[in-house]
């Protein structure tokens, strides 16, 4: 079928290519004219026959919002906008409502696949109305991996990005679990052959997984990871997962621990631990002076810290 | 080669069977005479030719300790005891030292494989001296799965059980990550098709793993897990992992969160939350009386909580 | 000075009373005509002389938003709106911007004090422009407790509610720490006299605090808290603290643990632990069938979980 | 009454002095002859009249164990040994059993008080038999602060150190809660006057406490703690608290978070985060080679990670 693709970077470009190889008619638009089929969104829309399908593959946040706003003005009733970027699911709901006032449909797609997607296909989690998803199925069939899994219509608008967000939250927790286990093995002198131990787990164990495969490869390249810094970025999805959990009163202790460990990894020095150090310092002698000063101003005054400080922790 | 197997339960019995199928000469001993080849440990030892190899496959703790003590008296210099149970790695070190005074070798083996091990092999993590492990390799080769992975000589005495312990700790963290993600998907109304969403993740995603396969199967049998109680036992290994981490000053926030979630799942009512509820109650009016009483007995007495309570949380 | 007070419930009513006792001219409005001085917001505004100060003391969210919107239309340039409720600090910034378009000032105040505030004063954390806060100082001086502490101009618009939010976050963490310590003492049989132990800590220890005083009182009334359920609500501030931390990439593990413990306390049965239980069930024999089925359909198919499941945890 | 004091360092020396001021007859022993009243433990014991009371105030672990062993040989039936150091409660139980075989009593005392104890008294948590504690009450009465609190007979042998251990665990949690709140305030630009905000909380709030007083003092000396490193030691009690909780299946998420934050503060670079970084690197392109290599060696081999890696997180 015919589709417009907005954003021809690494992801959008490869997806356009995979769709073309699958026999679809793709009209691509990118700010970079050297890779764009058309010179403007307006021209893109004009090149497509109604009812149109336009896939937006640009960064989440402002770029996606601005693109959706422009499409609302350019498209016609019956057209569909697909957001395949990493948008927040609440943004999806706003976009769908906004486009809906013009009779334009909206489908959100969480896309997993990275650099291998062109060849092996992309895992797709979709959200939107049944009818809209059905109309786009030829596209999804081409983009997804062969075989039965790798595609789901997860629910209404926002469900695709919500599912992808939770997927990434689970990923954080799993990575953290492996990382903690590795640190403990390294810290103990009980196990002297750590890379081989992980390698042995690839068969016949409960924890065998693609992440374990990656971990084994990483240790093959750098057996004690001495060439790496303990520094990890986090993507929006990890934060959104925790915030959505708090919104829904769902406890996520392991996933949150994973997120916080990443936050901490980017601090040269922990501010909170400065305060713990400061409190420990206060336990010592030099707080005596202040304490006496306070006592001097009246130990019986409301709220004075009457009893003197009395503890050296540890 | 020839080996003695002590403990012919589900695990020991199957392992003996797999060894026999592999051409080894296994003499089995069990307290249950109906499945035992010999009538006593003494007879077992007499039936084996020196230098002997005796595999202990009985519950960790007292049963293993007591068996090792008896073997110390029965075996001779040059023999080897293998502990294939779930012993703590510090127990291994005690057992090895103890047997070593009689010139008897010791190898600990963390075994993963459960009911499928007989047919597909057992993942083995071993600890002990190079020479001892080498002598036992014919046994390990038969027990382990075919192919290159599934076996490791992880280090000195205790390394096998330490590695297995950490494996189980990682497993706790991974299970918790999936469980949290599932709870969040269920709690939100964004995703209406939760089982299909998990199923779709089995291909092309970062989190594909054997645990995900199990999770999908569980949801196929009971799509919202309504037939289950949120109650999870924990095995010793999870606790030992956390305690070993504390001993080594290694932070394990995600794995510990997983362990604590299991602890909490077995409490009908959280004691800690009773105290939080009690404190919240005290914020309210009925603490006034006590407060006034205290004020009455002398607001300027050292340590009296002079300033009145002043906050209703929330 | 003259001030309008909107919302004459427990908090607003007592604050109006404390202000009157302090010599201020308070015009109160409440939806309940039996306690209201005026019949409408419009009349309230008419009764006040410009430049006016109007204190909004209604529930956060829609009621506050709606009140601010109405005041924007009724008030004049140079007037000031004070939000003393529990609004989110981002709401404050929206309200200030909105009122600012009409030349109306805005000050947010985090108020702590509950039922004892009328007599002992309210702890006040304020946010807004220097000049606005200065104009309201006579009001703040009367409301705050006597003595030097209990009032702060914490920063610009939103700072008052942000400070109050963090205060409550810290409170969550402290309550949780005490609750955990109590649970551990109760769980162990080492300490047989738990209430007396807490009581003894009220002097000469690092943890002496008003919360400890409350805890001791609670145990005096119900020594093992057997009359309470382990069920704890959470107010918005705890959630907002965690969400603000995630927004700022600040790790808050202890405060988040406290929030999650409250979430969990309200679940009859933990959904996440249902999934853990389900996975543990899958470790057992009845997963064999599915595993064989899968193998049957082609172990060499991409992504098939080739190796059979092989682990019984524990 | 008469008492022997072993260990005349900062703590033991001050306690001996406070006891003398209170009219007791103290015979002190220290390895340093310049401060010791006697030249050996043997002489100490000879100088005391039966039934004797000997207070051991030396470092926990080996020094205390060795001292108790020597006293077992030197003392007589009916004497009492008091361990006022920071011993583990399980050590207490071993010491009591050991001394009990010679008819010697044992009382453990958790002592809080630090440098202010000499003047203001020490908070004492005691464990042991009713009769032993009763005999020592004249000593405890002199050591403890004046007033009703600051002393507890918490239970049998070990209860004193168990109570002190939990006290320190709670302390960890409270310090962490304050530290997290401070970090969040500093990270946000909402509150520009952080030290004043904490100071204002000293009255009329839920979180007022001695730790808050210390925190305010610390910020008075160094308003943004810029002179401190975010580095915090941990004492044995924090670790023991977590390990005791794990032994008793009690979830301690906030206290454990506090302990782990200290562990992490002492790592120049987080090993776990190196692994997370390594995994994230593997998501990228350079894993392709390995992946292709694997595929090359036979995608249908059991356990080969058949499907290619397909995700760039974030």
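Things to note:
Letters A, B, C and D mark the chains as written, and numbering starts fresh at 1 in each.
The working rule: a contact is a pair of C-beta atoms (placed from the backbone, for glycine too) under 8 Å apart; a residue touches a chain by one contact, two chains touch by 3 or more.
In this text the structure is predicted, and so the values were computed from the model without any measurement.
Residue numbering shows that subunit B and subunit D use the same positions for more than half of their mutual interface.
Using mean Cα coordinates as chain centres, the one most removed from subunit A is D. The distance from the centre of subunit B to the centre of subunit D, each centre being the mean of the chain's C-alpha atoms, comes to 28 Å.
Between the CA-based centres of subunit A and subunit D the separation comes to 40 Å, rounded to the whole angstrom. Note: centroid distance subunit C to subunit D, computed from Cα atoms, is 32 Å.
The multi-chain contact residues of subunit D, meaning those touching 2 or more other chains, are 112-113, 117, 120, 122-123, 145, 147, 149, 168, 171, 176, 178, 180, 183, 187, 202-206, 208, 210-211, 234, 249-253, 257, 260-261, 264, 272, 283, 302-303, 307, 310-311, 313.
The touching residues of subunit A, when paired with subunit D in their complex, are 86, 112-117, 119-120, 122-123, 145, 168, 171, 175-176, 178-180, 182-183, 186-187, 202-203, 208, 210-211, 213-215, 217-220, 222, 225, 228-237, 253, 261-262, 264-265, 267, 269-285, 287-288, 290-291, 302-303, 305, 307-314.
Those residues of subunit B that touch subunit A in the complex are listed here as 89, 112-113, 117, 120-125, 127, 144-145, 147, 149-156, 158-159, 162-163, 166-174, 176-178, 180-181, 183-185, 187-193, 196-197, 199-212, 241, 244-245, 248-255, 257-258, 260-261, 299-300, 302-304, 306-307.
Every residue of subunit C that touches subunit A in the complex is listed here, in rising order: 145-147, 149, 203-206, 208, 234, 239, 242-243, 246-247, 249-253, 256-257, 259-261, 263-264, 266, 272, 283, 301-303, 307, 310-311, 313.
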